[in-house]
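So that we are looking at the same thing, I have put the structure below in structure tokens.
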């Protein structure tokens, strides 16, 4: 039989109306390392979920296409099946038992056991553990990686790198593992740790294990993989030997996604000179979106885009300034310093925020639209409030709230039955509009909008973007849009800042060629120097 | 798998048997020991004086003439009884040892005179 | 058929069953010659008696602190108020309101501390609340012995110190509310107008509170803490406030209870008092993170209805007193049901 | 194992042991006041150790499985009591009687444990309060059965058990038949102090069972589930089933524990023995320095001794201190509830801190 380990043919997958994978063909040889790159939402993870037969795939109507593992067709309906078939997966967030030793984790639920008679009555689970045996197994696995981990060490006391290795060791300890998927294994590692990991990966490949290596650090990908596949909009836009391509090529193959129904505007260069907010050395402790050291100036009246790949920290900036996560650094707004870590202050100073976590932070799902819109304004600016007894009793003026709600419903064309309909019952797009409405109701001088189009249908997307655009043009509100959708930002923003590993990698005018942004996204040096164009 | 099922059934059965066994060895019976004249099918057994009765070599009780007492015997099956007839100074003049079975119901009656005079039906369920 | 199914699904099976049960009890009553009118008025009396104690659940549930198993804390504040008012020989309405007035500062202080504690144990409120309640009751047992009360109607005759376990308030302010504007039809039917009015007043006040800026902030905290925080609300402040409110209502509630009941029960008396109230509000349709006044009213009525009807009806049917057992099963079953299906309280 | 101990830094160690330390100080202060003789106290402690240890042991396994303190253990206690009631009705006496009671209670305990486990799986994250309420609920059912069905559906022959009205069990059931039959089945007396050797042996056996159980695959799975349900599930461990089993075992052990407990006491308080059982067992375990998340065998025995030392001493101490024995009574009630409250608070507190810590870990080096 051929040396082909994995062959995926004509994989097509669509979640309800929108297609995320279009006829993808992928092959992997034994002992080959395949670098799989692409923007967030390009379809990498969906492809892997299909390979692993994650329930979500089948709950959403399965997929088209065939998967061959060593020649014969397979179709896993649960990850456990995939594991049995010898496919291992290492996620970037660890799935390890914190209080267990490396050994216990490596052989988790595959422990070697000793027989005792109780097994006959109560089943295998009453067999006692054979620690010595477990230990050699673990050590053997660790040896294959040729890294030094104390097998008796508790996970919770390990440095991040060792956790990562333990996890890989667990996958390869399964004697039948032939294919290993590494999803951003180096994301949480330091440079040195990453080096060791890459070495280990190569070694595994040399032992005949096929590896799919997913990463955003293009340098790594180029260094470690034999072949590189780039996904964009669920299609393969580039497939080359690593030796025959370079970062720039990959970058431009990644970016430049097309979005349906986006009103293309004449990108007129607007020039802004009066800064409204300056951010210096901002750090934000937001899980998964850590901001390390951001310096940024926001000019009055502009629309600034903040881009970057997931986990790089772009979302942390807005959340940090709004005081929702522990933050530090120097932020000045309209000349005065803006204290951090207290959500009340920025709101009172006229800074609005539309959270990326719409259902979690953005809305009270079981309250009516009206209250959701009016709430913040009521609490902060005491709008929609009747005062009695000289302001001792602050009575909620439901009539005023209704009135305001009706205005916004018309203004933003929110589809609903009545003002008091529960927000839970609205579609994603309309929920997003409610969030915008609440932000507008504050009528802020500076408005942060995070992921305005995440998870809403195409029509709503352009509508929401138009709202933001109009608000800026008509009220002159300064708006900062944080989004993973580069093209959307390019459509409405004046400037776009790209965040990489918690720092601003660069700021370019929206009109700049997308491949430049691609490079920034990847953390590579841009060819156009910043500064030159930032202030126009 | 099948083997295990058998094992489990076996275990349950074993438990049931054990509990029956426990019941039989643990069950306590209260019997009346009587040292009174006793008439049965015309023949009357007369009291032969105060007696010391010892069951299974542990429960000991003394009965004056014309008196009765209760004793709790544990477990089905054979029980040993030792009767000593006493004189006024309280030392045994006559002593008999026998083994008997309980009816397995509450409140059996054991008649000392009947036993002493060698009748076999000295213990029975009282009507 | 489906509509009935849906309807039941909306109000929840146990609620439906218990409502039907209660209904059937009322229907059965005449056949086992239990007077409807007297049972209804009993129900009303108990309704007024317990209403406010149940009301004391609402603020904490609304602010996401879960069911207020710590109610005994509030009750203790009330007891202090009551006993002190007796010590002062305050009579009638004056006495009643003195009791309340005195209990308020206690309630506020207790509530504040209790709130501070609960803010540090977000997620585990209910269990801790229960035990805080228990241990505070036990602690007060010691206090009742030591506190320097002198009023001979309250202290043990022989020792001359240490409060009695039950103290009659009849000649002080017993029944002041019950008899206020009360109307009596025949010898059996009696409506404790005053008590019910007072309960209504409390409901109104709470309703008004939840229509103020602070009130709506509080329910926002319960509905979605993240949202509230993003809207610039100090979650912990709101939670503490809600706990204080609950404790306060608990204090007032027990005083109303006592004026209707006629006695002050000290020592282990308040021990299990939280559970009936919790059960009642859940019975009314509240979940562990959402509760409204309608829930309180319906719940209290259903629950007290069951408590009054089962002894009379069931007993005269079966000639045995199963009411206690039924009470235990119904109330705890109700709480259990809520805990197993209730939405996880979000807290961070 | 060793490493795991070593892992605790000092501060955390003190945190974990603050409760026993306080109790040691308390008793050091109270014992002289109470004017009890050493020999008396030792005798008492031995008896109470025999009486309570087993019940406390039954709490360990759910803690391993991360389900916190199993307030549902009262279910087991009830099962045990039903066993005892039946046995004493059948007049089965001595060790056989006890063993029989245990065998009878086992299926009951299994059924109840199963129910408890199933319900707790529906209330993840709220196990304790749920099992607590469940205790009350089942107590209701228990009363229904014992107070109305016994002697009605379940035949009860001996009149001294049944209420005068003809059905339902009396408040107090005399267990003379099996009283102390286990404790002193191997008579041993040192300096006039009787040692309940029999019970100690049983307890020792079960302590070893628990040590052994920790080393089984099932025990390992429980530890895994207890620490991170999601990871365990993704590794293919049947999480729900594992949790259920842990509760089930605990319930059965509780049943045996209650039988041993009452065997020592000698009379069964039909309608409230079980409630106290749960309450005191949990308090004792916590006094021993256990937390909601971690409990060891030493915790059990230290806890039982310290808690009951306080229990015996405080009334007399109260009497000589303030001249009111009742004060001491209330004091010990207060302590037994207070200690649980404190332990729970400490636990939640620590959990909050660890959550914050975990977040920082996740954040990586900033």
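Note that the chains are named A, B, C and D in the order they appear, and that numbering of residues resets to 1 at the start of each chain.
FYI, contacts are C-beta pairs under 8 Å (C-beta built on N, C-alpha and C of every residue); 3 or more make two chains touch, one makes a residue touch a chain.
Owing to the predicted nature of the structure, the values given are computational and were not obtained by experimental measurement.
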| item | value |
| --- | --- |
| Those chains which touch chain D and also touch chain A | B, C |
| A-B compared against B-D, more contacting pairs | B-D |
| Most central chain, Cα average position | D |
| Greatest separation from chain C - chain, by CA centre | B |
| Cα-centroid distance, chain A relative to chain B, in whole angstrom | 85 |
| Rounded Å distance, chain B centre to chain D centre (Cα mean) | 42 |
| Rounded Å distance between chain A and chain C, as computed from the means of their C-alpha atoms | 48 |
| Chain B-chain C separation of Cα centroids, rounded to whole Å | 62 |
| Chain A: positions in contact with at least two other chains | none |
| Interchain pairs in contact, sorted by label | A-B, A-C, A-D, B-D, C-D |
| Contacting residues of chain C [partner chain D, same complex] | 69, 117, 120-124, 126-128, 130-132, 134-135, 138-139, 141-142, 145-146, 162, 267, 275, 320, 322, 324-325, 328-329, 332-333, 335-336, 339-341, 344 |
| Chain A contact footprint on chain D (complex, rising order) | 3-4, 7, 212, 215-218, 220-221, 223-224, 227-228, 230-232, 234-237, 359-366 |
| Residue ranges of chain A touching chain C (in the complex, touch as defined) | 322, 324, 343-344, 347-348, 353, 355, 357, 360-367, 371, 375-376, 378-380, 382, 385, 393-396, 398 |
| Chain B partner contacts - residues on chain A that touch it in the complex | 120-121, 123 |
| Contact set on chain A toward chain D in their complex | 79-80, 83, 93, 95-101, 104, 108-109, 111, 113, 124-129, 152-154, 156-157, 160, 188, 190, 283, 285-288, 290, 292, 502 |
